[in-house]
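Quick one: structure below, then a few questions.
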Amino acid sequence: MMNSMNNIIKQIDDVLTITNSEIITNRQFAIDINSGDVHQSLAYLKSIGFTQLSILTCIDLIANNEFQLIYILNNWELGLFVIVRTIIPRDNPAFVTIINIFPGAKYYEREVHEFFGVTFEGNDSYSKPLLLEIWDDIPPLRKDFDPQVYSDSKFPKRDLDKIYRSKIGGVD
Amino acid sequence: MVLENQDNRNLWEKIGDFFSANSIWMKWYCTGCGAIELPPTMTSRFDMERLGMGPMATPRQADVLLITGYLSSKTLRRVIYSYEQMQDPKYIVAFGSCTINGGIYYDSYATINQLDKYIPVDLYIAGCMPRPEGIMNAFADLITMIKKGQANGWRHYQENYEWYKQNQLDSLKEVIIHDEFHE
Amino acid sequence: MNNPVLLIVIPLLLAFLSVIIKKAGKWLLLVGLLFNTALAFFITTGETIIGGFAPPYGINLVVDQFTLVGVILINTLMLITIVVSFDLVGKYSIVLLTALAGINGMLLTGDLFNLFVFMEITVIAAYILSAQAKKYHHTITYLVIGSVGSVLYLLGIILLYNLTGSLNMADVAAKLPLLTTKELLVPVLLIFIGIGVEVKLMPVSGWVKGVYSNANRLIAPLFASVIAGTALFVFGKLFVSVLPVSDTLTLLMLIMSVMTFVFGEFAAFNQKRVKNILLYSSIGQAGLVTALFISGLVYAAVILLISNVISKLIMFTIAGAFTEKYETDDYESLNGVFVHNKFTGIAFTIAALSMAGIPLLIGFYAKLNILIGFFQAQNYVLPAIILLMAIVEGAYIIKLLLALWAPGKEGQVSEKSFAVEKKQLLSVKNTIICLIVALVIIAGGVLIDITEKVVTDGQPLLGDQSPSFTISQSKGGE
Amino acid sequence: MTLITVLITLLTLAAVTYLLSLVNSKLGAYFTIVTSLATIVMLFLIKDSIGQSYSLSFFTFKLTTVGWYFSMVMVTVYFTTAFLNPFWIKKMIYPAAYNLFFLVSLIGTIGMFFARDFITLFICWETVVWTSTFIIQMGKSRKSSYVYYVVSAIGSMVTLFAMMLVYQVSGTLEISTAFSALSGQPVLALIVFFTFILAGLSKIGIFPFHVWLPMAHGSAPHTFSPVLSGGLVKMGAFIAYLSVTAFAAYEVFANTFTIMGIPAPLYIIMVLGAISIVVGTVMAIRQDDAKKLLAYSSVANGGYILIGILLYDQIAFAGGMLHLISHALASATAFITIAIVAYRTGTTKMSELGGMIHRMPVTYTVYLIAIISMAGIPPMGGFVSKWLILQGLADRGLLFLAAAAFFGSIGSFMYVFRPLSAVFLGQLAPKYEKIKEANIMMQIPMYLLTIATLLVGVFPNVVLRVIADIQLEAGIQEIVLVGNTIVVSNGVLDALRVFIVFGYGFLIALVIFILRRKSRRVTLMDTYTSAEFIHTPELLHYSSNFYAPFERLTKKPYPVLNLYEKVSIKIKEIGHMAESLFSSSKPAITIFWIIIVFAIFFLGGVL
Amino acid sequence: MTVMNFVYGFIVLLAAFIFQTALTGVNRKVTARIQKRYGPRWYQQFLDIFKALRKGSITHGWVFDFGVIMALGGIMATVIFIPVAGFEAFPNMDNVFVISYLLAVGMLGMAMSAAGSGNPWASIGVSRALTNMVAYDVPLMIVIFTLIFAFDTASVSEIAAMQQGMGVLGWNAVRMPLGGIVAFIALFGMLGKKPFDSFIAPAEIASGPMVEYGGKHLGFMFILHELMTFIEVSLILSLFFGGGSSILVYAIKYAILYTLVNIISQVMPRFKIDQAVKFFYRVPLVFAIIQGLVVIFLGWGVSVWF
């Protein structure tokens, strides 16, 4: 298994321009790609058997002031997952849709837009709400969003005479 | 909810309350982790049918709405919708700390903290989650309350409808959700 | 003045005249037709000898009730055809007059050779008329097949003359019982095939489609009702009264007729063009008429013949008008054409319904007589075939009528706006004539006792003893 | 007043209607109501002279009770349906012709029911066929008209064969006496029986001939579908009646093989009736078009009528005859209501409708009563007739026929409920918000028919007395009627008492309902949706694929329609073959044929 | 037909309701015992019904109310016609076809009201209920048809009377064993007991036709259900299990029959609706037809036993 995965990585490496590759488990490996190469890479991966887009999600790397978009593809024949990672700028985050490669990405892109504010050019419906039926603040999964403040402002709290807190690991 | 002692019911209402108390049909709103506590309560170990209680399929038929855990704002809209579809007299029993003060989700951007601001809760069951014994105990209490005419949450809701509505609006906002898959 | 010879002579005379006075040709034709039609109603039954020699050696014209019906019918039909399409006559007046003479001759003559002569006159005229469509290869086909048919007929009468020493029909008929079946086989067969070409019996009717389907408003009804009617009358005369033949041959002839009938109707069912439907229907009906003649049901055959030629006259006239105005006679491209021409449509419908054998029209009366006749002869198979074919016939007729009356695609409520563009099919005069003819169809079907009286004049046709349907029968024992 | 006067008056009125229609089609349409009303009046006037004979030209008529009964059923349907004519007449492509044909077909049916000889019978029959063919084509399908004609023609042509055969054997055309000549000739009798009854089968829509009903009913003009289903289909029942009375099938086939006391030929026809009950029911359940559904229900009910009449005994025969009127009323009512829905909404597809009750309560109620009758539920007319038929079948022990009858009667709950639920109940689509109730003129026939249905259901003995007269006329034992009670050998039924007790039960329920707290009115969209918000009523209306599980079980297509198409294609193929073989434009080929013919004939002649 | 008939009718109605409701309560306890539970009080069903009647309710328009009333009215009328141990409120009105078709009024009313609620689940439930009816009714009606043919009467009380005097051997279920099996199986379908309860499946289609009922409408439905159960069990009891010579015997036999059905149904899974149709048309229908043929052509089981 390891062998075939190495072969695949080698094969991918030959064709695509990969900045970094990383083996995570014996069925899973990750590759980092420049944001410009994503579409070409996904199309290639789809053509060699990674036909299922398992998820498209995002990580807020606030320290570097950038977002990392993550595409996880699945190869049903070999039982392999490839994690395709790419970096986009955090200010005015925008990317191009992949619905022409994986039509199902429509809803993942909506979710990413809803929770991180990334816009997807070419996907007409990316700005429609998906999970949050109504939202009036900065996207909630960004690291600079404070849920406590939001919750306090939105949802009334019970007035209790005394608030008990549990002690975890000796720290108050 | 404070147990008010207002017994100005007439005879028919007392008889009616007797029937209501001895035949409670539940509709449980399975949010969070509380729902899993109900099957043991229903089945042979605890057998809630002894009390004349039983599960019902729709809110139209049910007397009591069980909220079995935390409520996100999205879910709360539907809980209110379900509650308003029930016929009076109707009661609400809320399970666990999440419904009381938000529980471990006290600071979530999507989870409400205090249920009785939005709908009238007749009975809270403490715990995270309450065990079947607790639930059975609560139901026994509920039956007593109904018999005494003290489970008046639905009446309270009718009387203070504006207040409840305002709270709901403040937290949830008016929103029309369209089912985009069928349009 | 009641000399039947005039029926032949006057048209011929007028034909010569019109050669001289070319401009008056049309009017001479009309005069000839009017004269013939009028005279046809006044001639009486009997025998007229021409040239002084008594038959069997001389030439004679025989007028019996059967011939009389034929003469009246055919002359009237030709008059109507010409009147309706008078504008199309043009240079054909001589040919038409010649044909008129030939037709009358064919009907009246009592001599087998004369029949050949008159048939040739008619057929040659027909060749010329068929060239009108400018589809010359069809004309050539017709010419070749027609000539072969004529030659076969001629051969047949030569052999017959060899056997009997006579060409006079009555004489031949009298002498036939002396001959053996085998001796008679070849001449009868040759005559049958020769006449069969004109009658349009199925395997030998290859010319019909090419000629009929391209003919115009004048020529098509002329062929389908006038010439075809004449041929059928002649067939009836020959095979009922002159050449009654052996059982085997009758059976074969009957099979061929019935085959023509069945295949003709089936082929009509398969057609998409109005004229093609009509022409195959004509072939089919001709097959039925010959079958009836062969079976000896003369009265039924004559009624069927009458109903059929009248119907075909109206229908072919209107079908000709379709090609004239709309350049097509495919009924699907004529969707809803009668929306704009209601009266024409009514005439067409009545004719079509009569063909399909709808009660109170003459076609139904014919069907009743056929059925009664066959059942009387203990024949149960042919009525079954006829009724099954009536279903097929009804099916294509209703399909045709629906397409012509009700515009709109399947699934739409029919509306006037879906119909083809508005054009007047027939002039007012012609429409009225068509309606009057249609009235005859109705009258013939309703007043059946009068119909019977007109056709038979109280005497059996050609010795036909089979029963006919009368009003009193339906009243049972009363 | 003689029958001849009636017929001539009617023909005159038809002509007047036609002329009026040429001037103003709507006026003519109103005149169809007048004419059909006049028909009812005149039929009542001539009722006293039953038994007399009349003749006119080659038409001969005899006034019989059965003819009178059939005519009354027919003219009731025509009269009530005529009320719709004024509203649709403008939509017809040939309004004047529609009015004329409408009346002529009525006159044709009356003439047919009173016919004394075969020719009159056949002429009137064909008149009805052709006029109705020309009316059907004014609807939305030409093909249906074509199929209708062809199936009718199969029936009528084959029957003509039978008539002529009988004429040849007996020498008379009079219906009542002609058949007697067949008694000594079993083979001939068999042929005549099957060919004669074929017209009836094709008209009433019995199994292999039922294909025309859904097509013609479904696409005929909305004003004519009630007549087709309620009225014209019943002409077939008349032929069935003749085949047991005039033809006397039970006597003629008395010596043949019998099954449970029924001669085999009759049993075969009854089995066909049973098959059509099953097929009609199963197919009706599968339809989406409300009119097609009702058409298939006519197929099924035709089976009941046929079985009832052919049993020709005290009980089932009365049931069959009563079913004739109860189905005519119910079916006409149902078609009229669907027509009115179509008039307001423009569609008869159930999947496109819904919630009409909130806009057309009267139409809904009328439809409800019609389907209660159609499904054979007390206290409507359909129940009494089905009860009689079932009692009759049970009396004779005809197990398989009864099995089909049970399936049909329970299956009818399924299919009659479908339009009720899909068209009238459920969610109202926003596009139908503005729809109005049927206007007064359209409501009149609905009220009339509903009252009639109820009367037949509650006081069936009024009709059954006429049927008893028919039984007397036909020479079988009369049904026993005591006051309001029907007494048969294995049961009694007092329909009035059933009605009263039902009313009593209803009253108790109503009292309890009123005594309890008043309900709160909520909107239709305020309904249990598993707490999901839904804003599109159309999507919340369950109307398509209603009986999906049942349809899965009956998925296999049944091959009858294909059979007709295959025959038609075969005919075309043979026609094409004949054309290509014998109509070549090359003279050589014709000469080849001449030689072939010559050769065959020569050989045939020599040998 | 006098006033007394109506009074008797009302008494029958009341007695039937009380008896059947109490029996249902007892059977809930029986069910609980099968499931190793303690179970509710025996009068729990009364409490449930009266509580439902006490509650407030909603309506979706007049047909929603009218259907319920029509359903209960029709069923009540049917109960009045049911002969109990030879006692009839309205003599000579116990025709089996009248009873089985009048029963349909109730079903139609209920279906109408349910569909009138505008809830698709209700329509699905109705669709299943009607399909279920087509499944069980055809075999049952064929067996009943056989009985009518055999005894030459369609009166339920007469058929019941004819079975008495010979003990168990006189029962039609014993005389015509296949027919008895069919009737017994059909009873499950009629009562909507498992395995034929897919039309009220609560977790699947939210209790089907009853989805929108609350308050008095639901109370009506419960009363209707009890009365319908009474009709159906009585019918099968009278036709196949000998009815009862006295009210007491009748009640005991009734209770045993109903409890037996209930006990068996508690250990059954649930058929999908098309499986139910397939089942009924495979086994009971064939049994019914065989039974019919045996009775009609061989005459076994009609007049004599052995």
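Letters A, B, C, D and E mark the chains as written, and numbering starts fresh at 1 in each.
In the analysis below, a residue touches a chain if its C-beta (ideal position, glycine included) is under 8 Å from a C-beta of that chain, and two chains touch if they have at least 3 such contacts.
Everything numeric here is computed off the predicted structure, so don't read it as measured data.
Asks: Within the chain touch network, how many edges lie on the shortest path between subunit B and subunit E?
Replies: The distance in steps between these two chains is 1.
Asks: Listed by label, which chains are in contact with subunit B and with subunit D?
Replies: E
Asks: Using direct touches as single steps, what is the fewest number of steps from subunit A over to subunit D?
Replies: The fewest touching-chain steps linking subunit A to subunit D number 2.
Asks: Looking at mean CA positions, which chain is nearest the middle of everything shown?
Replies: D
Asks: Quick one: point me to the chain whose Cα centre is farthest from that of subunit A.
Replies: Result for the farthest chain: C.
Asks: Between subunit C and subunit E, what is the separation of their C-alpha centroids in Å?
Replies: The computed centroid separation for subunit C versus subunit E comes out at 76 Å.
Asks: Please work out the Cα centroid separation of subunit C and subunit D, and write it as a whole number of Å.
Replies: The computed centroid separation for subunit C versus subunit D comes out at 43 Å.
Asks: Please work out the Cα centroid separation of subunit B and subunit C, and write it as a whole number of Å.
Replies: Averaging C-alpha atoms per chain gives centres 95 Å apart.
Asks: Could you give the separation in Å between the centres of subunit A and subunit B, each centre being the mean of its C-alpha atoms?
Replies: Each chain's C-alpha centroid was found; their separation is 38 Å.
Asks: Check each residue of subunit D and list the ones that touch at least two other chains.
Replies: 526, 528
Asks: Please output the residue numbers of subunit E that touch at least 2 other chains, ranges allowed.
Replies: 56-58, 206, 211-212, 215
Asks: Run through the chains and report each pair that touches.
Replies: A-B, B-D, B-E, C-D, D-E
Asks: Within the complex, which stretch of subunit E touches subunit B?
Replies: My answer: residues 28, 32, 35-41, 44, 47-48, 50-51, 54-58, 202-203, 206-207, 210-215, 218.
Asks: In their shared complex, at which residues does subunit E touch subunit D?
Replies: Interface residues on the subunit E side: 1, 6, 9-10, 13, 53, 56-63, 65, 68-70, 72-81, 90, 92-93, 95, 97-98, 101-102, 104-105, 107-108, 111-112, 115-121, 123-124, 126-128, 130-131, 133-134, 137-138, 141-142, 145-146, 148-149, 152-155, 206, 211-212, 215-217, 219-220, 272-274, 277-278, 289, 292-293, 296.
Asks: Going by the contact rule at the top, pick out the subunit D residues touching subunit C in the complex.
Replies: 55, 57-60, 91, 93-94, 116-120, 122-123, 126-127, 130, 133-134, 137-143, 145-146, 149-150, 153-154, 157-158, 160-161, 164-165, 167-168, 172-174, 177-178, 219, 221, 568, 571-576, 578-579, 581-587, 589-591, 593-594, 596-598, 600-602, 604-607
Asks: Name, in rising order, each residue of subunit C that touches subunit D in their complex.
Replies: Subunit C reaches subunit D through residues 137-138, 140-141, 144-145, 148, 152, 181-182, 185-186, 189-190, 192-193, 197, 202-210, 246, 248-249, 251-253, 256, 263-271, 280, 339, 353, 358-360, 364, 367-368, 371-372, 375-376, 380, 383-384, 387-388, 390-392, 394-395, 398-399, 402-403, 405-408, 410-416, 446, 448, 471, 473-478.
Asks: Can you name the residues of subunit B that touch subunit A in the complex?
Replies: 73-74, 77, 100-102, 106-114, 117, 167, 170-173, 175, 177, 180
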